[in-house]
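Naming follows writing order (A, B, C and D), and every chain is counted from residue 1.
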Amino acid sequence: MSGSTFGNIFKITTWGESHGKALGVVIDGCPSGLALDEADIQQYLNRRKPGQTSISTPRKEDDQVEILSGVFDGKTTGTPISLLVPNTSQKSSDYSEIASYYRPGHADFTFDSKYGFRDYRGGGRSSGRETIGRVAAGAIAMKLLKEMGITVTAYTRSIGPVSADLSAFDPSAITSTASCMPDRAADEKAVAYLKECMMNKDSAGGVIECRIDGLPAGIGDPVFEKLDANLSKAVMSIGAVKAVEIGDGVAVSTANGSTNNDAFAMCNGQIHKKTNHSGGILGGISDGSQIILRAHIKPTPSIFSTQETVNKNMENIEIAIKGRHDPVIVPRAVVVVEAMTALTVLDGCLLNMSSRLDYLINFYKK
Amino acid sequence: MSGSTFGNIFKITTWGESHGKALGVVIDGCPSGLALDEADIQQYLNRRKPGQTSISTPRKEDDQVEILSGVFDGKTTGTPISLLVPNTSQKSSDYSEIASYYRPGHADFTFDSKYGFRDYRGGGRSSGRETIGRVAAGAIAMKLLKEMGITVTAYTRSIGPVSADLSAFDPSAITSTASCMPDRAADEKAVAYLKECMMNKDSAGGVIECRIDGLPAGIGDPVFEKLDANLSKAVMSIGAVKAVEIGDGVAVSTANGSTNNDAFAMCNGQIHKKTNHSGGILGGISDGSQIILRAHIKPTPSIFSTQETVNKNMENIEIAIKGRHDPVIVPRAVVVVEAMTALTVLDGCLLNMSSRLDYLINFYKK
Amino acid sequence: MSGSTFGNIFKITTWGESHGKALGVVIDGCPSGLALDEADIQQYLNRRKPGQTSISTPRKEDDQVEILSGVFDGKTTGTPISLLVPNTSQKSSDYSEIASYYRPGHADFTFDSKYGFRDYRGGGRSSGRETIGRVAAGAIAMKLLKEMGITVTAYTRSIGPVSADLSAFDPSAITSTASCMPDRAADEKAVAYLKECMMNKDSAGGVIECRIDGLPAGIGDPVFEKLDANLSKAVMSIGAVKAVEIGDGVAVSTANGSTNNDAFAMCNGQIHKKTNHSGGILGGISDGSQIILRAHIKPTPSIFSTQETVNKNMENIEIAIKGRHDPVIVPRAVVVVEAMTALTVLDGCLLNMSSRLDYLINFYKK
Amino acid sequence: MSGSTFGNIFKITTWGESHGKALGVVIDGCPSGLALDEADIQQYLNRRKPGQTSISTPRKEDDQVEILSGVFDGKTTGTPISLLVPNTSQKSSDYSEIASYYRPGHADFTFDSKYGFRDYRGGGRSSGRETIGRVAAGAIAMKLLKEMGITVTAYTRSIGPVSADLSAFDPSAITSTASCMPDRAADEKAVAYLKECMMNKDSAGGVIECRIDGLPAGIGDPVFEKLDANLSKAVMSIGAVKAVEIGDGVAVSTANGSTNNDAFAMCNGQIHKKTNHSGGILGGISDGSQIILRAHIKPTPSIFSTQETVNKNMENIEIAIKGRHDPVIVPRAVVVVEAMTALTVLDGCLLNMSSRLDYLINFYKK
């Protein structure tokens, strides 16, 4: 179990390395009858492509997805959907040097420790390119959720010291700015900050926030399979994430019960919450309000300034990483957070369909 | 799948409600040959008992564990270990009132939404008593890890505004202070703060930190089953946790690569890291240094001041919760975080044993 | 993973040894809202009790089940149902001798090989008593299936050379004859044959057949999770089963396509099959006709005649097993086959509820 | 969960339809360090190719495998191995007619019942071509097992009324005869019988037997994950299998304990069994002797004689299937049984490595 499968009913298995022949994903358990073509998926892959703005690497990754199975006459058949993205632009020669040493902040050392050796070309399986499969599968999950009235929206909340002002939330900015912030003014400041980082041969971190709207109350399970537990795993499994928050997150540790509790109240004949400190989840189960989570992303570990490390001969050395690297991971990871969130929520929705006897009777005795 | 099973090889299934006949856990996949008796487990259960300090409810929970299967002649047999803790002190009459309304910050509403009704006595399955099974199973995981040279230590890092000074780490204080802080001076301040909260009919949150020592490099898997992803799920699945951090955690989002990267260096003929911002995990795999994580715990939602909510007739009402409730969840959750961490790490260690061909050959061809 | 969990959504975990304190099962994923009490379960446990007829051991096993969790106000809550059956009549002294040698046909040797030692009292975990948890969980599955219009019926098809005549199927005979055959005349012959076996200090095998009625077409999944594959695993996991057949079973290997194919034809406006050689499953998915399977059960390995074997000092010895043992396993295993079949089919039905987009839309957009 | 994943640690996920762009498999959890290239896999795929003998369809399937990931410098890296086989020779026009009706003995009707429609080209996902992924993954399992000293050998035991004489077992005949029998004389008779079937526009069934040699005692788990239960599921999940036997199989139901029990005896200082009625498994765990299983395969359902069925307008019709179809499935399924057996046994071996405390200590404290 090298751990490349995610989900219970809507189950995805990703494969591929940065510089192998291709990367891909198999989606098993997609319900039949969903209209699906390559364009549905490609639009999400395009959002994670590099080389599109002044703060991303000029490296070209022309990631074109192909559907190999599971779709017939334009609809999903219920059988596994195999998606493939060829690796066309990767040059292994760029990476031959890093075979000999361990880059700080990367998984070179831990892969060698675990497996005895590693595919050192561009990070191999621990490359950011591994997320291609996640995003492709997430696109299908997003389309299914939309059919069910549920939407998932991720965006950059902050980069380094620069935070978006969410009071003037501009959804169009998410996919059109370099930072993926929903705030064009903050985006400009973030870009300026990142250019400064690049001048200093340094990199920056940031925060991605994600919202789920339209999710009914009742999704998630009470103990180990809490919706927030599964969201945390999903998001923490993305390469550079070092912290996950639900709702008020870290702020709850200094809050008091009187302010942290969300009062229930009637509104238009429905039970709702007057505030949403909980981030839409109580006891691991969705409460019908908006789900909110945040992922804290570490600075790109590949920096151009000199660093100390150790080589495979176990000698102390100094290195200066070359090549083309983004000064920040955040903008390209926004769609990855969105994908992992969508996959988790969809799986929870599918599992929930058999949670009550009356659901079974309605289904089987109609 | 109501989600009461955790783990892949060392697999636990918990059961039981706050006011049912008993609570328990079945541990399946425990290796044979471990010396085990009730006392090994009871010492951990005693750490989560209430009624022991001035800041915990005087409610008595006399949680005595019984081993029902899986141990023969004082050793684990390799077959399922069933552990049972009878519910002896729960009085259902205390809780009859809450059947009619939804307590803010609790799972009453979401359970009704999911299942159509709920066991309203003391929170039922979403009660803190659900963690008894986790702690009991965690005790066995802790004992196995110790045999392998691995230790797990959780403690209170902060309560409300009061933080422990970790520069003078006092391990003995963890199990002997009311706050479970490894710092007796901070403990006194925390207790004073909590008494103030109680006087205000309010409650407080806090932070639990957990360290894993002795874990070799190579544990965890690269993609969805990253060690940090599984730790996040494990810890976030504990009732009141709203954020999880690994290593520097939320601080990475404002850090730069030049300071956040941990340089590798030779030390006594071994590769080690000069700093540990990563918290002992790179690319989802342990790097041989100390693993560090933090859980942010929300304030106890049961507070004695008046709160607005809704009853089952969908009327707005005001309530004042009665009964006996801790002003803070943190100290009693310390051993739960420790248990969930131990279970996760142990499972990762067992999975890792078949990760290389030479391991297979050593095992099967000796 | 010692393998004591079965099922995907409706998931059971059994525990307990022949001579431990108790045996039991945890059922996780039972839908909420099912009326359930101990009597619902006890009636199935009573069917596997020994000491009830002239051909079963006079050993007393007074297996009384207790519900410890997951039921409130007489209905399942959706949370884990823990069932416990105390071991009251087991005397360890009866079994002390077998600690020193390996009984032919039993798992003594393989347990020692795997785990290094074993609980030798009455077979420990490999005792027939292990099936108590299966039968108890199966009782709940049977009750759920009944609510959905699906019934499962197992019976003895043959014992040694004596076969039931199914053309005069008598359902009442299944639970009232010693052999559990649906044919009282065959039962008399089977009892006579078994008495002969007992006189010869020998034992007999037989065949259990099981039918599922009312199952709609569409249950099961096309590749590895075929309904017949899961039924085979379920039934083959019962101690003494050495072969499993679906529909015509072993007879297909000498059949021709022209006779083995089942023609489709319209009947009362419905598509049905004119014959049922397939046993109700095509391509791993139920076809709407009756499901039929058969389990071939080996003769009781504990026989009273002298046998050759080896002791723990690795010496060849001769043994004569003492104690109280049934001359045939079949009648007491009928309810176990029924339980495993019911668990498998129910789980397939629950998984099937999310197999089409229109099911999702009906559920979430109503 | 459309059920396309198999295994716990060595986990495979297959995808692809008969007439899609390609078929393939992702193997997750393959240990690192195994030398692997396409030729290792191709030799197994070649064994299931059609058009090679007088009794197989002249249809050409030029199934060339490509390794897309998981192998670097000629060795497995421990990350997912993605294998792809393009569909080059499939012509959809051949199959357009069958879109309108349900072929007897095929899964057309059950796919429509489950998913609402189906990919009708050549059987889609229920085509025999689905086994390409199984055989490709099985090739890797076979190579790993060989490194551990374990071999798996399947062969045709019988076709229709013609059985191989196993007393003169000729291994070279398995891969060089049309029937895959280890007996050239029986092969000739089987071919003659099949030609007769073809003349009659009919088809035949048969039996495949499989042996595992070199497996140590102790593999498999005692309850639901018995080795024989998992082998049964593995083999029954192959399209046309209708019965599975372990050891003496169906014969046990008419045997007596005195003849069915295998006596233990010392032999060269080792405990062994004097006979092997059990087929190498006791209590679900391997006993160190040869594992033997048999799969009963139904006759090819596609026959050229006229058959009754129903079309999608729910009218009774008569059909005569055209195209190219083998008169028997057995010879091409031999390598599939071998693959599924190898996958099951390997997974059991990997799980077994963490079954004892001393194994853990040896591994982690050396």
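In this section, a residue touches a chain if its C-beta (ideal position, glycine included) is under 8 Å from a C-beta of that chain, and two chains touch if they have at least 3 such contacts.
Since the model is a prediction, treat every value here as computed from it, not as a measurement.
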{"item": "Chain pair with the higher count of C-beta pairs in contact (A-B, B-D)", "value": "A-B"}
{"item": "Most remote chain, CA-based centroid, reference being chain C", "value": "A"}
{"item": "Distance between the centres, which are taken as Cα means, of chain D and chain A, whole angstrom", "value": "38"}
{"item": "Interchain centroid distance [CA atoms averaged], chain B/chain C, Å", "value": "38"}
{"item": "Gap in Å, rounded to a whole number, between the CA centres of chain D and chain B", "value": "45"}
{"item": "Inter-chain centre distance, chain A versus chain B - centres from mean C-alpha coordinates, in Å", "value": "26"}
{"item": "Residues of chain C whose C-beta touches two or more other chains", "value": "1-5, 8-9, 14, 29, 32-33, 78-79, 114-116, 125, 216, 222, 351, 355-356, 358"}
{"item": "Contact footprint of chain C on chain B as seen in their complex", "value": "1-5, 8-9, 11, 13-17, 20-24, 26, 28-30, 32-33, 66, 68-70, 72-73, 75, 77-82, 84, 114-119, 121, 124-125"}
{"item": "In the complex with chain B, residue positions of chain A that touch it", "value": "1-6, 8, 14, 102, 104-107, 109-111, 113-116, 125-126, 130, 158, 160-161, 197, 200-207, 216-226, 228-234, 236-237, 239, 242-250, 252-258, 260-266, 269, 271, 274, 278-279, 281-288, 296-303, 305, 307-310, 314-316, 351-352, 355-356, 358"}
{"item": "Interface residues, chain D side, partner chain B - complex", "value": "8-9, 29, 31-34, 76, 78-79, 144, 147-150, 216, 222, 349-351, 353-361, 363-365"}
